[in-house]
């Protein structure tokens, strides 16, 4: 299998879907002539032209709303938010229009829209640019939320998202764009709603999504090397729909869970997972479910401090040791 | 003690604070000449005049942002959102400006702002008008979130919110406005961050906030009458800061908890509480923590159905019985 | 502070242009003209019936009546061809009936019945009929404005000669997303027509208290290099003539237009508006009813043209009343949705039972 | 598709008005005039130093350089009196230094040090000095525009004769909240001055590709009945004269103004902008540097006025360079924040240990 970057995987997925279906359009700030602020759309404008790959003004509410309207008419817009943080100026359009229009119309309408972009801290861009709203978005029935951690998942899930007939919030991570990995060739599609065991283990389940999966894998490696603890790593991949069975199966096997989550803790995704596990696997648990989230403050700018604000392998290991 | 409505309690609190401190201003759509869409500000414009009580155009992002700027300068604006649902067009201003400006300025600025209005389903106004974003807002370090359930709490907490030097999201409920209750006279202030035992019990803890507290009390009454189960009802009152000790003390006493929450389930407030309880009172629990939330769909219009979509005493009782 | 509008009645003198002579009006048949009367009366009778039933407690939530504004929906929507679409705000009954929705499905929706146009899930603010090019019905003020843009964008993308009539209120013009939409519409040559239904109030706030302007609200279009016009909404001919001009601009040049149509609502902001007669005088309301009622004026016009008499009017009106009564009965007789219906119409993939609808958990109650 | 601006240089002919003669400029002392040169050079030298250190990896995040635009911040901010305030976007170094912030605290902030103006919590985009009436430094495009309104609102509320200079970019004009702010400013007579620093690009997008306009961006003010003007930003006298006019309007009549100041940035959108020379030609950039550099032009002017010579320039420039070098050393030598500092400066009540800061749990890590 070819080894490519997460960025390239996304770019390939977009190109293949643009090629496959002329209803697909790519739209956002600087996605066309500039090739994307993070180069995810590199070369697409040149290849597919003005009609299919469209630069927008800085008007997130306006252009996301436009995407919703166009999707209601059957186009399949893939809208880039340069950062998911900027979703907050388009929040009404995402939640109320993309998220609710099917319900309010009694199912007469569907909205095959993808909203994508990076959603992460860790790049020292400060509090306003480091939001991770997957918890909020997944709170909304009507939206789907996907957070791939690897190049293969990025590609397979992006293709699934574009083909999905419901609105999908697709959350990438600037710190992952340069990560490399094997990606199957051909029309590689991963169903949304299926978690992935990124590492098997027997003593504790580390459950994560997005970049936190890599942090969990690093912790699992060290737990094995340094403490002879066998940690299983479950990558949620999709937040809504959620693959609860894989989570529960893992916990029923290991009897211990540490959740790793770059969200802020209060009502983060891991709060939902903790709530789920204690409810559905109560008797299987040998210890309380633990959470490792971003430290509960706005994202700090100072580079060495921000590195500590995100979940670290150290903090995961401490939590595992505390319940082992 | 005089018995007054929740609406009157809020109105009294606003009037008293307007009287006490001339930095307090009340602003929002229809709050002045119209006396408020839900009459919370009735009479204030007449009494305090144009300068203190201000009608705005339909520009939530603009006027909430204006409130943030004015608060940075030392005014104490109390901004009404006609519905908290409309926060989504002002989300960036609330999260990024009100919520982050203190941090990003290294503590040079503070923002004594109150944003208030009803946040609830149950009035058949459809999906876009029935959001309950207390979970989202409480996710943001820098914001405080308060959800009073009774007239006394509404008054005491509103006064505390206005005097607080940080931004407070104050979430009311149109279905509570007409509820009556005793409210202490005089300068009645309730500290933010202190939960309230609304009913003592020994067999199970029902933990709730906002109108769900009344639903929990109704369920507790019936549990006692019909099943001889003694349910304790903890009213969180404030979501952030959160009175964890009162929650844990109750669960350590009863060994069982059912959380009642009008949020949608995924990452709702009760997910955080469930996560907390299982983490900090694991060995005290005789059964998994259960949650009763709004049924997980956009708010349905159809009146008889929407009544079932919100948590009901029946659903609470079923959950209690399931773990008793 | 609020301006008493009754003191400044709209110009009633002879029109500088007789819009009856405009090309789009000159060829109208008698049947078409009577049809417009019927369409306006359908709206009025439907709403009068719904008002009564709302007051009887048959409905929940809000009921925003369109009565007084009927000529706007009818005048514009009747111009729509195969590829012309329409979207509006929560005051949507007029537009819904205008595109030809049946009173049955609309009334049943108000009752929250499973037979409603949105299966009882949307209510008064959320009528939809995509098969009739009607995209709702939207409750968040100005939230529909970029959707209209997107609909028009999709038409252009597909090479269709069409447009999207996108309605908003005079209070909605101060929402930012509307301005973002104006810029995009002009920048990208999108065939969208924004129509401000200026009924002078947003809830209890007069236009003067909500919008800083030079001349009129539509003039803001200048800043985006968009063509604009103001329209006397009580004159159906004028509404048609000016809207048609905009539609041609959209069809032929893919350029947007902003129209501001003066109109008036007789009832409160919603039926629950207790202040309906406080922020404007009863005299003002009465003045409009007497002098500016669009149905009365159209009726008068048709009489002047010699194509309507008392009997003709009665026939049309009776039909509207009967349709409304039938709809009420239909709504009464219809079932409410079932409890499990709460969980349908959320995800297309789930509703259709596709593979994508079956992987993972979609709903988080037990 | 992008317009090559170098082909359309700004008008360089003789100004129709000589703004040096405007009242606000006529009385300037030599010291003041040289002071403006010093202020502009401080900005440039500070940023050149920071650029070097950014490239050495001493900083994280973004670094948006103001180089080329110095006359705008200096020309406007130097007019500020006791009750005049200022707020801007993320390209904020010029404004920060303009209000008199020390290079030390600014450079330390870029390094993420505890001695930074925001204690290392804000970074380049979030400089603040409320004691100098400077309210930041805001990263969300146009997010600061209603804050500036609120600051001005508070001034008026307190009966103070002041204003808030509220800066935004040419790309920011298409965010809705800015339009909401314009309406509120005019409707309520708020002494806010919106200043569009039109450097012709928002990231890689030329103004022509982002904004549909008739004449210029400022003209959109018409729709809100706001006074507006365009300003040749390379002429410090003109910037001062026209800004002062707006400030007087704010002070005396509490009326807002919208100014559009033409300017140009030499570097990429941020230092990380790999395309800096793709969306505009190197020739275009060079053209501006050669013909429109605001510092060079001001220097030339002062020489013409006979108050500056080579030696004088060197003294001023050396001082700026030295201050920058000292600031770099200061930043290098300063400590980073401690881990526990992550949890301060979130809630005022917690920071001050008040009763309100101690009830309930505020932070949700263990």
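Order of writing sets the chain letters: A, B, C and D. Residues in each chain are counted from 1.
In this section, a residue touches a chain if its C-beta (ideal position, glycine included) is under 8 Å from a C-beta of that chain, and two chains touch if they have at least 3 such contacts.
Just so it is clear, the structure is predicted and the values come from calculations on it, not from any experiment.
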{"item": "Pair of chains joined by more contacts [C-beta pairs], B-D or B-C", "value": "B-D"}
{"item": "Centroid-based (C-alpha) most distant chain relative to chain C", "value": "D"}
{"item": "Whole-Å gap separating chain A and chain D, where each centre is the average of the chain's CA atoms", "value": "36"}
{"item": "Between chain A and chain C, centroid-to-centroid distance (C-alpha), Å", "value": "40"}
{"item": "Residue list for chain D, restricted to those that touch at least two other chains", "value": "118, 120-122, 126, 138-140, 143, 174-177, 180, 183, 187, 209-211, 346, 363-364"}
{"item": "Chain B residues counted as touching two or more neighbouring chains", "value": "57, 59, 61-62, 88-89, 92, 96, 103-104, 126-128, 141-142, 240, 264-266, 272, 296-298, 300-301"}
{"item": "Interfacial residue positions of chain B with respect to chain A in the complex", "value": "61, 88-89, 91-92, 95-96, 99-100, 103-104, 126-128, 131, 135-136, 138-142, 240, 263-272, 274-275, 278-280, 282, 285, 287-291, 296-298, 300-301"}
{"item": "Of chain C, residues touching chain D in the complex", "value": "174-180, 182-183, 185-187, 209-214, 219-226"}
{"item": "Touching residues (chain side chain A, partner chain C) in the complex", "value": "25, 51, 56-57, 59, 61-75, 92-93, 96-97, 101-110, 112, 141-142, 144, 160, 163-166, 191-194, 238, 240-244, 272"}
{"item": "Of all residues in chain D, those that touch chain A in their complex", "value": "1-2, 59-62, 109, 112-113, 118, 120-123, 125-126, 138-143, 171-172, 174-177, 202-205, 209-211, 275, 278-279, 336-337, 339, 341-343, 346, 363-365"}
{"item": "Complex interface listing, chain D residues touching chain B", "value": "87, 116-122, 126, 128-131, 135-140, 143, 145-155, 157, 164, 176-177, 180-181, 183-184, 187, 344-349, 351, 354-356, 359-364"}
